[in-house]
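Heads up, there are several structures right after this.
In what comes next, subunit A is part of two complexes: it sits with subunit B in the first one and with subunit C in the second one.
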Partner chain A sequence: MRQKLLNGLAGIVVALLIGAVVMLVQGYNPVETYLALFNYSLGSGYAFATMLKNSVPLILTGLSAAVAFGSGAINLGQPGQLLMGALAATVAGLYLDLPPAVMIPTLLIAAALGGMAWSGVAALMRRWFNMDEFITTLMLNMIADFFTYWAISYPFFDKGANSPMTPPISRAGWMPEIGRFNTSVLVMLLAFIVTWFISTRTTAGYEWRISGQNSLFARLGGVNTSKNYMLVMLMTGVLAGLAGGLIVMAGPHRFIKDIGANYAWDGVMVAMVANNGIIATLLYGLFFATLQTGALGMELITAVPRELIMVLQAIVLLVVMAGRSYFDIIANKLAERQKTRERVA
Partner chain B sequence: MGNLIEMRNIVKVFPPSVVALDDVTVDFEEGEIHAIVGENGAGKSTLMKILYGLESATSGEIYHKGRRLNIRSTKEAIASGIGMVHQEIMLVPEYTVWQNVVLGMEPVNWFGRIDEKRARQQVQERIDEYHFNLDPDALVSDISVAARQKVEILKLLYRNVLTLILDEPTSVLTPQEIPRLFDELRRLRDSGHTILFISHHLDEVLELSDRITVLRRGKKIGTVQADQTSKEELAQMMVGREVLFTSLKQPCKPGRTVFELTDLSYTDPEGRKRLDGVNIHVRAHETVGIAGVEGNGQLELVNAIMGLLPIQEGRLVVDGQDLTHADILTRRGKISFVSQDRGRMSASLPASIKENVLMTHHRQGRFTKLMGLVLNNREAAAFAEEVREQFAVHMDGADAPFSSLSGGNQQKVILGRELLLNTPFVLLDQPTRGLDVGSIEYVHRQILAMREAGRAVLLISADLGELFRITDRILVLSRGRIVADLVTDETDINEVGYLMLEGKRNETEAA
Partner chain C sequence: MRVAIGLINGMIAAATPILLAALGGTLTFYAGIFNIAMEGMMLGGAFFGVLGSYYFGSWVMGIISAIVGALIMALIFILFAITLKVDEFVTGIGLNLFALGTTTYLLRQIFSVKGAFAGPGIVPVPSVSIPLIRDIPVLGQILSGHNLIVYLTALITLAVAFAVFKTRFGLRLRAAGYNATSLQMSGVSTARVRVWSVLLCGVLCGLAGAYLSLGYVTLFSENMSAGRGWISLAAVILVNGHPIGIALISLLFGFADGLGLFMQQSLPSQFTSMVPYIATLIALFVYSIRKKKERVAA
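So, the complex of A and B:
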């Protein structure tokens, strides 16, 4: 655990240094840039609140990917599941008007069901036609993309708008703010705790993990791998769907074109950097959200373009993933030398 | 001196801290057959791989004819006349024998094309020279495993290798093929070759070799003349204590029939009949062995019993329950199973030891709370400790990854998990494959203890010695059919070996 934390921190530091070199080469001042970056994401209560809000879809889709990959289900459908969740929550929010205490959970459930339905389609295609979810989830992303685009352009189009979007959802469905902080973060944390508990403490989580490592062993041990696969797909769909619902309910309160942005793919990246660890996904999700939130400030204060953050993210990904095995190799080499000295002396 | 090769003070550390070879000094003379024996993990293969350039020593020196060798690759080893035949045979099955032999150093004609005629002729010459009885034009995919092994040796001879290293060459052969290989190896020695061979079959070692070096846990215990030692002495050197080779069986009176497999047939998707009317009955207090050359239906038999392969024809009843079409979890209520491939079928290597012992048990109530939904971590840890204690597992802690255990300890953990399932029937598929003598003995004792406890045991094994040592009956499986049902005490290795190869009794002998 401590080892992993150290590896992660070292990876981040190395990545930031490489980023600094990139900036120097381009003629920017790295110290100034990083100061602006972190100032605009962590430097004030408002910045911090914004960062947390931005982290919600990142972490939820990250958890979705981490649970799926760790269980051997290559669910790459987070973008589509997120959009379908967002659409489901929006539609429910347009037609229902209940007191907030009922409305908010209802919309969250709608979002979860939306995402679950979409990953469920992929799971059923695997079950009935033996189609690889790796392909089907990617294809379903496209369908979700254009389906939601159509939905907000025609049936749910806001007549007063001049670009594709829905009217705002009922006020009761807006995620309330506590001071500067949006409560969508609390929902995300709750989802995180539930996911962590399922993965590490329950029989199902145990079976998922073992199936992901060696599915033949799990099968021979009596694990119903196809049922577990179904559950994993549905659960990871729920997480991605929730991400979509929370974007709508916390932010623009309506479905705007491109609302999913790059959140889901960044979430997949977070899961990969985190090596499918649940806690690590939370931590890296917060870090990536910090980078992305600070990017705006960085662009404002210094002349460094926002795109540099994408470069930085990619470097973190590469350095941390490469570092994972490299630190072990170095540690092993040192131990080997030590042992040999003992023997020969 | 006749010392051809000297390996001095060889140390090999596998990161992070496994000492595979601990200051080993050994010499090999020109024109001798020198056996390297030791338990699994003793360092035999590592020592030979260092000589062949597959591994590099952490420290130590190698001398060849008094000259210091610095072998960093197999190419350099072969240039010094040192070659190795691996346990797994690596040939191109679609090529003929001669094509495989010349592959990589083909004689070419003026236009840079392979001179097939000359190549074929050169290979034929070698075959004749060493009386190898091989057809150079046969496709490798059509010839027997024993013949493929000869092709591997021929490849090295073709490259003018004078020191041949053979890694467990007999493990892939049938009892009838082994003497032939030994004759060929002796002939090679007599023509001036030096042969180093790794084995843990002591009978073979004593029969074939001139000198024997024993390794134990990375240390050299000693080198002895083969004609001045005994099996018991070697075993003691290897294990560090006395090992019994006699049958361990106590007479046991079989009870009711526990395992009934009736008329099982299976045709694979290509239309080949893999199992043909197989009948197996095992009673309580009885161990039944299945002998057979690998690939004669064992895999399909195991998969059908375990539920990986749907049963097309036939019926499976265990302990009075019809399991013919039952799901795997239901089967596991009656069947304990130890597979031949630990890392693929019996364990998850990256998972912790605790997570590995929990498998299947986690569906049986004791390790879960709240209607089986939540794992009971404390009980699980206690259970891992129970397995460690009861099965004498050497491990750091139950949270260490399963892959950190040695092969023998991995098998102990698996056995422990399966035996503690307390099922009436136990299926063992080559449970001692790749284990060292000490661990094999341990596994055998456990199997006999199960039999005494009234379980029905079905043991599939390619090791006839093992079958004779612990079974009550031996069934011979050949081309998917049970061709003989023999009482172990009333048959012998030769009869079983013949049945394995020919699929029928030796009529001339019987007459």
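So, the complex of A and C:
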């Protein structure tokens, strides 16, 4: 645990240093830039609340990827599942008008079902036809992208708008704000707790993880891997779909083109940096959200383009991954040396 | 007739980048590397192709710098997957995201634009009109007038097929994937063979990128590889890496792409844009059915 934490922190520090070098080369002041970055994401109550709200889709898609990868299901369909979840919640929100206490859970369920349906398609393709899910989910991402684009351009198009978007959903479906804080964060935390509980405290979660580490061992031990695979795919679809629904319900309250932005791929990145750990995904998700939220302020104050954050994130990923296997290589070497010494003695 | 010729030419144009990337992918496939970084290498190539072409005002420099750009990605892949032994799949995903982030950032930083950079300063790779052949009716319109990289790709396909099956390098390449220990025992470094396969894959993906941004269209836009690297991976898997098979399957994907464009007259463009991806799913489906039958027969 301590080594993991150290590795993670070292990775972040090294990545930030590399980022500083990149800035220096291009003639920016790194100290000023980082100050602006963190000031605009953590520096005030408002900034902090924005950062938390931005972390919701990142962490939910991150959890989706972490559970999937950890269980040996290569679900890379978070972008598509997020979009389908967002579309389902939007459509439900356009046609229903219930009191908020019923409306909000209804829309959340719609979002979850939307994501689940899309991951379910990939899961069935694998189960019935043995088609590799990592390619099918990627293709389904592209298809979902065009399908939602069509849906907001024709059947659910807002006649008064100039660009593809739907009309706003019913007021009752908006996630309420408590002070500055959007309650979508609470839904995300609830989903986090449920995910953590399932994967660390239940038999199913144990079986999933064992299947991820050693599928053959799991099967010989009596685990029904194919049933578990379906469950994992459906659950990870639910998490990604929820992310999409919450973006709509907390933010623009309608489906705008490119609403998914890069959230889902960033979520996949978060899960990889976190090595599929559930708690680590939450923490790294918050860190990535901090970077992304501060990017705007950084651009405003220091003229460093906010796209730099995309590079920084990728560097964090590569450095942490390299660090992890480098630690392993060193640990192996030390163990070998120990063994040789014992043999000599 | 005009429609048929248009469809065939559209098919060839759309198949080229997929074929190039898939040929690169098949070299690593034979070497026993699970390489999914074609998407990132292609994107890097496409960006650096535009950069080189714009700054030097020459398409030759464009192609060279596209290859250099893709090679940088390939070197990162080698550093992580081969030297540091990070999981190949994780490295591939990481590299693809790295390529996306870096090219988006550089697009903003160097050209000060968001989304896409197009300009008269970018020199495209020329099309080639073949004398004599171009005068043959119908056939001339199909065989002549393509982009230079298209003809290069046809030659490369044959060269890769020859190299993999008829040369010592090809034998070692296949041995690295088939039985790495024997290869190591025979005194050839498996790691070195694998490094070479990734480097060659980088060169081919660089060419694919150059074709995208300097041939197919003359611009660079964010994430312009748009899943072609993944489709090329599907092509490699579908034919178990055989270069000629890859050429045929790439043409099939290219045909789906052209068909999509053709259908735009009757369907919303969002649906026609889905066609190549749906075609990939159908191809994977047919493949799995065939495999199942084989298993039953055996």
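The rule we apply is simple: the second predicted complex is superposed on the first by the 326 of 345 C-alpha atoms of A that agree within 3 Å, B and C clash if a C-alpha of one lies under 4 Å from a C-alpha of the other, contacts with A are read in each partner's own complex, and residues count from 1 in each chain.
We take it that a contact is a pair of C-beta atoms (placed from the backbone, for glycine too) under 8 Å apart; a residue touches a chain by one contact, two chains touch by 3 or more.
Owing to the predicted nature of the structure, the values given are computational and were not obtained by experimental measurement.
Touch criterion met: A:A335 reaches subunit B, while subunit C stays clear of it. In the superposed model, A:V270 makes contact with neither subunit B nor subunit C. In the superposition on chain A, A:M116 makes contact with neither subunit B nor subunit C.
When the two complexes are overlaid on their common chain A, residue A:A204 makes contact with subunit B while staying clear of subunit C.
With both complexes placed on chain A, subunit A has more residues touched by C than by the other of subunit B and subunit C. Of the two partner chains placed around the shared chain by superposition, subunit B is the only one that A:L220 touches, whereas subunit C remains out of contact. In the superposed model, A:I12 lies in contact with neither subunit B nor subunit C. In the superposed model, A:F129 makes contact with subunit C only, not with subunit B. In the overlay built on the shared chain, the residue A:A73 is in contact with neither subunit B nor subunit C. Annotation: subunit A residues 329 touch subunit B in one complex and subunit C in the other.
Here subunit A touches subunit B in the complex through residues 201-204, 206-207, 209-210, 213-214, 216-224, 329, 331-333, 335-336, 338-340, 343-344, going by the rule given at the top.
Residues 26, 74, 76, 125, 129-132, 134-136, 138-143, 146-147, 149-150, 153-154, 265, 268-269, 272, 305, 307-308, 310-311, 313-315, 317-318, 321-322, 324-326, 329 of subunit A touch subunit C in their complex.
Against subunit A, in their complex, subunit C makes its touches with residues 36, 76, 79-80, 84-86, 89-91, 93-94, 97-98, 100-102, 104-105, 107-109, 226-227, 230, 233-234, 237, 268, 270-271, 273-274, 277-278, 280-281, 284-285, 288-289, 291-292.
Note for the complex: subunit B touches subunit A at residues 9, 11, 13-17, 19, 22-23, 58-59, 306, 308, 327-329, 331-332, 337, 339, 343-351, 355, 358-360, 362-363, 368, 372-375, 377.
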